[in-house]
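Got a structure here, written out as structure tokens. Questions coming.
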Amino acid sequence: MTRRPLIAVIGKSARNPADPVPAKALRAGEEVGKLLAERGAVIVTGGLSGVMEAVSRGAKNAGGLVIGILPGFDKRDANAYVDVAITTGMGWMRNTLVVRAADAVIMISGGIGTLNELTVAYEDKPTVILGTGGWSDRIREVAYQGKHLDEAGTSELHFAKTPAEAVGLALALAPGAETGKTIEREFRS
Amino acid sequence: MTRRPLIAVIGKSARNPADPVPAKALRAGEEVGKLLAERGAVIVTGGLSGVMEAVSRGAKNAGGLVIGILPGFDKRDANAYVDVAITTGMGWMRNTLVVRAADAVIMISGGIGTLNELTVAYEDKPTVILGTGGWSDRIREVAYQGKHLDEAGTSELHFAKTPAEAVGLALALAPGAETGKTIEREFRS
Amino acid sequence: MTRRPLIAVIGKSARNPADPVPAKALRAGEEVGKLLAERGAVIVTGGLSGVMEAVSRGAKNAGGLVIGILPGFDKRDANAYVDVAITTGMGWMRNTLVVRAADAVIMISGGIGTLNELTVAYEDKPTVILGTGGWSDRIREVAYQGKHLDEAGTSELHFAKTPAEAVGLALALAPGAETGKTIEREFRS
Amino acid sequence: MTRRPLIAVIGKSARNPADPVPAKALRAGEEVGKLLAERGAVIVTGGLSGVMEAVSRGAKNAGGLVIGILPGFDKRDANAYVDVAITTGMGWMRNTLVVRAADAVIMISGGIGTLNELTVAYEDKPTVILGTGGWSDRIREVAYQGKHLDEAGTSELHFAKTPAEAVGLALALAPGAETGKTIEREFRS
């Protein structure tokens, strides 16, 4: 892979004031963004608020490149640190695009949208979970044998304790994912 | 709603021989399909094997109408009981379309694809879970307060003990969902 | 193909009062819907107004089955003759789904949306054009050699003079299209 | 708009050896890519061969940033000059995403895929056509009054004679398009 690795960071948005993003998730997000940028990775997120914004800010401040894949048609939805705003007009279906675009995925905190993205990532993309509240803390006990999201164990979640470990793992796992869709096969074409 | 209600049934496929669909899930699927058809509902599934096929067979044998929204481009992927095969060419992204099409959702058993569909359904569609193995059995303990998939509790899962109860609940909840997307709002348009 | 053929009818909507659908297109649409229903085909349209509504009405009145694939999230957008309203939330991107779902396509009249659908249909689906105003009248002179939409002539448009001829042609051409995507190949998977 | 403008360049691919891309289109593409990069724009294309590759090469050689939105799941499908390869797994439906992402669109040459993209761009994005073979040469005579793709004239195509004029026009028109979807309204939400 001569192209720079493309790492998706998924995490809780700040859309619901009654359900704030944990401060530790925002701090972790900013650090993950910074480290990814320093390591030369391109960052892709859903482009909105909360963890998406923290990651983007961290990356931007370290000179990184940030892609935001937005649910709507309006580029003004993007947070201030998004370099390239990709408006999709697909609503939350764009979650799938965020994951499909990535070479590897890092999960921070996690509301319902993040959980949705995790289920997309599970089979096809190396996925690293950084325990920082919400589903990122709960998924380990919830998963089969602490690491699978299906009984057959077709894939395996990875866990990290620190932003540095998460970034290191994601970048180590990314190269093999370039060809995508190793598992997606229950239909003819 | 003068149109017949459209109920999505989501459940595990039989694609992986090493990870078979529980027999009780197949029986429940067939019964749910039958009851939905008898009550005049249109059934929509992902169109493939396992629970999708069992539901379709139950509905067909009771004279029902079955829509299958397929991941690929080839109509031969559809199980034998699908009346209308909608080829999307979107891969598993079609999961989102299955849920978006529905007035209500019934979940039976559940592998990773079903879990993905559940996370799509959570915010926008009335969702009834029939405990029949896999995630359908585990989600209650996994959910916040046994019924939410987010900390803020923006929506609520419903649980049923029998196919009849699941069908009754789904049909009771369906009318209010006709307008869709009551929650999907973190972006401008 | 034991499943009933699924024929997409594409045509101008009535959304713009300043740009009305030609009366002959509405009449032709209603007749095409009627004939398709009488011949046992399932009809799929974009579910909205104008030609889509006329076709649906013709089919419904003849006892047919009508699928509407809608751009938004709200089932009330569907015209009154749609049996199964598939809300996609993808905006005009749903045009592609209307065509991908079909075994064959019939084009009636044609504004910009219809022209978009025609370009999707060209390579992968047998397509019959019934000259009834708008692009349906102009495409013949516009096409390469009166029948191709690309210089290489990878596919061929079909033309009909009457609703009966259009329906006959579409149903004759439909079976071979079941497997889809014979041409879509410039990428690996 | 403090974000750099995002200009989509659409044009014929080299997938069909029997239907080569005109040399003038490749030259124009490379020049357009170079000029866009020099003017600070981000370039988005479909990521594959032919005009897409020429534009990307021109932009890269001038130090620009190139996004490729790919139809498949495999990043190796991208041409060598794509910085950020966004795999969508949606087949040609990704054409719509290329256009939706853009602030303005430049069309060079044009096979069937380009024509499809043009119909997507027409209503919602400022679109500049650089006559360089294929549909880019023919669309003017084909269009209503030489500039509309619908009878009502809801939008207007722009034409350029040189790469410099095309780039100048696109960049002049881009800012107003940031909010997207000004016209897409025949449905409720």
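So that you can tell them apart, the chains are marked A, B, C and D in the order they are listed, and the count of residues begins at 1 in each.
By definition in this document, contacts are C-beta pairs under 8 Å (C-beta built on N, C-alpha and C of every residue); 3 or more make two chains touch, one makes a residue touch a chain.
Remember, it's a predicted structure, so these values are computed and weren't measured experimentally.
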Fill in the blank from the handout: Neighbour overlap between chain C and chain D returns A, B
Handout entry: Comparison of A-D and B-D by number of C-beta pairs in contact, larger one
Key = A-D
Exercise for the section: Could you label the chain B-chain C interface same or different, taking same to mean over half of its residue numbers are used by both chains? Expected result: same
Practice task
Name the chain whose C-alpha centroid is farthest from the C-alpha centroid of chain B.
Solution key: D
Practice task
Could you give the separation in Å between the centres of chain B and chain D, each centre being the mean of its C-alpha atoms?
Solution key: 39
Completion exercise
Taking each chain's mean CA coordinate, chain A and chain D are separated, in whole Å, by 29
Handout entry: Residues of chain A whose C-beta touches two or more other chains
Key = 72-74, 76, 89, 91, 93, 179-181, 184, 188-189
Practice task
Provide the residue numbers of chain D that touch chain B in the complex, in ascending order.
Solution key: 73, 89-91, 93, 179-181, 188-189
Handout entry: Residue ranges of chain B touching chain A (in the complex, touch as defined)
Key = 13, 15-16, 18-19, 48-49, 70-74, 76-77, 91-93, 96, 111-112, 115-116, 119-120, 122-123, 134, 138, 142, 149-152, 154, 181, 184-189
Fill in the blank from the handout: Contacts from chain B onto chain C in the complex sit at residues 1, 3-4, 6, 42, 44, 65, 67, 69, 72-76, 78, 82-89, 97, 100-101, 103, 124, 178-181, 184
